[in-house]
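Note that subunit A is present in both complexes that follow, paired respectively with subunit B and with subunit C.
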Partner chain A sequence: MLSVLHAVFVAPFVDMATAPTFLAEVLIGGIAAGLMYSLVALGFVLIFKASGVFNFAQGVMVLFAALTLVGLMEKGLHVVVALLATVVVMIALAFGIERVVLRPLVNQAPIILFMATIGLNFFLEGLGEMLWGANVKRLDVGIPDESVKLAGILINKLEMSAAATAAVLVAVLAVFFQRTRIGRALRAVADDHEAALSIGIPLKTIWVVVWAVAGLVAIATGVMWGAKSGVQFSLSLIALKALPVLILGGFTSVPGAIVGGLIIGTGEKLGEVYWGPLVGGAIENWFAYVLALVFLVFRPQGLFGERIIERV
Partner chain B sequence: MIYREAGQFKTTYASDQAIFPVVQDRWVVAALLVAAFVVPTALASDYWLQAILIPFLIYALAALGLNILTGYAGQLSLGTGGFMAVGGYAAFKLTSVFPGVNILIIFLAAGLFAAAVGLAFGLPSLRIKGFYLAVATLAAQFFLIWLFNKVAWFSNYAPSGTITAPPRTVFGLMVTGPQATPEARYVVALGLAVVFALVAKNLVRGRVGRSWMAIRDRDIAAEIIGVRPLRTKLLAFGISSFYCGVAGAAYVFLYLGSAETLAFDINLSFLVLFMVIIGGLGSILGSFLGAAFIVMVPIFLTNAPHALGVSLPVALLKQIELMIFGGLILFFLIVEPHGLARLWQITKEKLRLWPFPH
Partner chain C sequence: MSGRTPLLEVDGISVRFGAVQALERVSLSIGRGEVAAIIGPNGAGKTTLLNVISGFYHPYEGHIRFEGKDRTHLKPYDVAALGIARTFQNVALFKGMSVLDNIMTGRLLKMKGSFLLEALYWGPAQRQELEHRAFVERIIDFLEIQAIRKTPAGQLPYGLQKRVELARALAAEPTLLLLDEPMAGMNVEEKEDMCRFVLGVNDEFGTTIALIEHDMSVVMDISDHVVTLDYGRKIADGTPDEVRANPAVIDAYLGLAHA
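Take a look at the complex of A and B:
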């Protein structure tokens, strides 16, 4: 019994203290992974904030964007042209989704809309693979997947650039939400649909805009994840990785998605490296969920979510 | 319906509260039940029983369980696959420890294990609501699958990690294992589905079901009028997981024959959720309709190009199937968000007045 307690509560911390460089590497790896999760979670948050739709298809949108980009590049297009074309495709997709899926389902229960996005999930998966093929593709963005030593700590270049992208993206989104006219309209819709409608904000346009923005975030995510692990079906499964981040940070908070991603990323890496061997490893599938669950019991709306006020 | 119920007066409370208050309905349902037991056992081919009818019944059982939790009590759960895995593995362990016990009792006991696990994972529902809860139940899904994968004890240290249904008899008839005929397994699955559907119907129209629906519609209001949220929500989690557990045991023993944890992954959870939503949230009939729809559509899609004489590459076919499946889900949600059960209800009301709709 005592040895078990020792192995759980003492030994991992001793390991951490005796090898600080390794700990730093694990932490940095965790932060980088966490920012990648944040990128996915960001797409969820944008759509949930503005339309109350829990968009399960975000993961497949990432896959679809990455597949389109790679497919166009394989056709011989220049990277920039292909990227622009992908942007156009994602915006067109936003229009299509608004017209075909969201408009007929307006005012339905959240669970119905959630289900609809799962239907969308299947549809886009089939469409993406039909158009561009299902085999694994390499996406070369010009950043080598290699590590450099910085102050005695190994740092992966690709992970660092992904982190930088995430940071830039969040900054741009923050400016977009706080400083632009359309951003203000988005926040108004997020606060209250009816009130926004009554002061003349066109709801349909707003929906297209958020889905398009989520599509653009999906492109950024797809490029980063695709460069790291290749463009393939499993890319869509990162949606499942982003869910704990989402509930930890709160469904409605952009900073929450970032902080949640960092907590989940580092927590997952630390758990995997220091506690994983105790239970036979491969805990990354559920560890994040349990971590998020523990947080939720104390803060049911996530770290930064809007306070849940219940009225009868 | 096309028949008239004029002249049938309800003179007692019992007849007013009957599940099928109209005489003709009772006859039709009784006839359908007899037909369900007799016709497929006598006529259906092994393919029909094995690939369509048995999975349909087992999925319907799982959908019933999820419908109790999500449709009636309003607690969205994505952990169905995990709870079914508990049932499957518990039944496997129990029957290998007690080989002499009737397999039906083993199924029920496995359901109890699943119910206990469901209760444990239902505890957070008291504080967490809506989509936050849905994501939290994913923790159950991933953790349970990982557990069964990692701990070899659950599969009796089988090197491949698969659990295989051993041969077991019910009243002298072989119902599980490789020697069991599809007919025997079908009858057992049908019996389970009928009994559990009846129990569920009576649960949801009684006091328990009403308190579930009160919690679903507005939990604070329900609390104020005296429905205890702790007990009601946990009861929903327990009973729902019990259903899923029995379905999981039947899934391994009557349908798959042998299974590994992969059979219970997140896709199974989504599949059952689809059945509940397409069939109709908060409807017993809906669980069956949804299960039938989800089982039939892929089979239909696989066979349709063959029947039309079109030959396409397998990969392309798979992708088109996926697209049509997703498209159909969207289509049905848009046409009738309350599910197939609601469509059936509308049809029934129309027919009741037909041909004089005023």
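Take a look at the complex of A and C:
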């Protein structure tokens, strides 16, 4: 009994203290993964904030963006040209979604809109495969997937560039939301539709903007995850990893998505490395979901989300 | 009122929700520069009327003319662009945003500019932001809310939230300001402040005001013109003294609500 307690509560911390470089490597890996989770979660938060829709298709948007990019590159386009073309495609998609899906369903219950995004999910998945095929594609962004030693700590180049891009993107979005006219309008719409309409904010335009921004976030996510693990159907499943992040951070909070992602990224890496051997590994696969369950029980609005109070 | 040019003319509008006839052929006219009050018992259709004027509901018959042009079927944001601002009965502020940001959203229609410049907060974009800030500061001074500039709107006491909502509406420099129960739930002191502000707005900015209010002494004090609704129909329309003396009003409203 005592040995079990020792193995759970003492030994891992002793390991951490005795090998600080290794701990740093684990933490850096965790933060890198966490930033990527944050990025996926951000896509959800943007749309949820501005339109109250939980966008089931966010994961497939990531896949679709990555497929389009790789597909265009395979056609012989230069990376930069292909990237610009993908941006255009995602913006066009935002216009299309507003016109075909959101506008006819305006004022419907959230569950109806949610169902519509499930439809969108399958449509995009099919369209992506029809256009670009279903086989696994390699995405080469010109950054080698290799490690270098920095101050005695082993760092993966690709992971670091991805993490840096994610950090920049997250910062830009935060500034955009806080400081600009459009950002202010977005927050206003998120806060109160009716009041936003009354001060002259056209919802349609705002919806196109958020879906376009979510599309751009999907491109960034797709490029980074695609470069790491290839562009394939499973890319759309990273959306599942974003769910616990959202539950942790709160569905309506941009900082929440960032902090939630970091907590889950580092938590699952630390758990896997230091506590994994005790239970035969694979902690990484369920850590996020168990943490999310705990949060659902004790703090359902998440760390930064708005408290859900409904008048009955 | 007669002799003044009408700013808003509502001509025989009807609104129905399922089996409920919320408004039945209501007509009224609000003159430029006046303070008009819309009164009536609960469920009389006052808020519905305001919602029709601001484009949230559309009547199945009748017309609305604003500044002489037919505006019956406009959407809320188009109505806002015409210069009609409003506040809501239950206070619809952006609760997570600071008071300053809330009022700045009122300026959105007045702001324009390049997305890119804005993202960089550079050149004309910065100048524009500063110009609008100056105007907003004027409103903040006017409504005496300097001290709460940075406070998130949701954390303010109710009376102040109402005042911030008025500030946001004023930031759009409206020609017509619609106030849905601006003094509901306030104590005597807050009500006096709000009366002062409403009259001040009317005076200083020349804004035409239409307000819904339950407090009779307030209504009689500040309005030039009182319209009374009951069960979706207009039962009286005139100066405060005329309306006060109208037996139909006394029956329908004063008699019932203040028995």
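Miscellaneous remarks
The rule is short, and it goes like this: the second predicted complex is superposed on the first by the 305 of 312 C-alpha atoms of A that agree within 3 Å, B and C clash if a C-alpha of one lies under 4 Å from a C-alpha of the other, contacts with A are read in each partner's own complex, and residues count from 1 in each chain.
We adopt the following convention: contacts are C-beta pairs under 8 Å (C-beta built on N, C-alpha and C of every residue); 3 or more make two chains touch, one makes a residue touch a chain.
Worth saying up front: this structure is predicted, and the values here are computed from it rather than measured.
On the shared subunit subunit A, the superposed partners subunit B and subunit C are arranged side by side without overlap. Contacts of A:F251 after superposition on the shared chain: subunit B is touched, whereas subunit C is not.
In the superposition on chain A, A:L293 contacts subunit B only, with no contact to subunit C.
In the superposition on chain A, A:A11 makes contact with neither subunit B nor subunit C. In the superposition on chain A, A:I199 makes contact with subunit C only, not with subunit B. Note on the composite model: angle subunit B-subunit A-subunit C, taken at the C-alpha centres, equals 90°, rounded to the nearest 10.
In the superposition on chain A, A:M115 makes contact with subunit B only, not with subunit C.
Which of subunit B and subunit C touches more residues of subunit A: that partner is B.
This overlay, made by fitting chain A, leaves subunit B and subunit C with a least C-alpha separation of 16 Å.
Those residues of subunit A that touch subunit B in the complex are listed here as 54, 100-101, 104-105, 108-112, 114-116, 118-127, 129-130, 134, 240, 243-244, 246-247, 251, 279-280, 282-283, 285-286, 289-290, 292-293, 296-297, 300-302, 308, 310-312. Taken in their complex, subunit B has these residues touching subunit A: 70, 76, 124, 127-132, 135-136, 138-139, 142-143, 145-146, 149-150, 218-221, 224, 266, 270, 273-274, 277, 281, 315-316, 319-330, 333-334, 337. Within the complex, the subunit C residues that touch subunit A are 54-56, 75-77, 80-81, 85-86, 88, 92-97, 101, 104-106, 108-109, 111, 113, 115, 118-119, 121, 168-169, 172.
The touching residues of subunit A, when paired with subunit C in their complex, are 172, 175-176, 179-182, 184-185, 187-188, 191-192, 194-203, 306.
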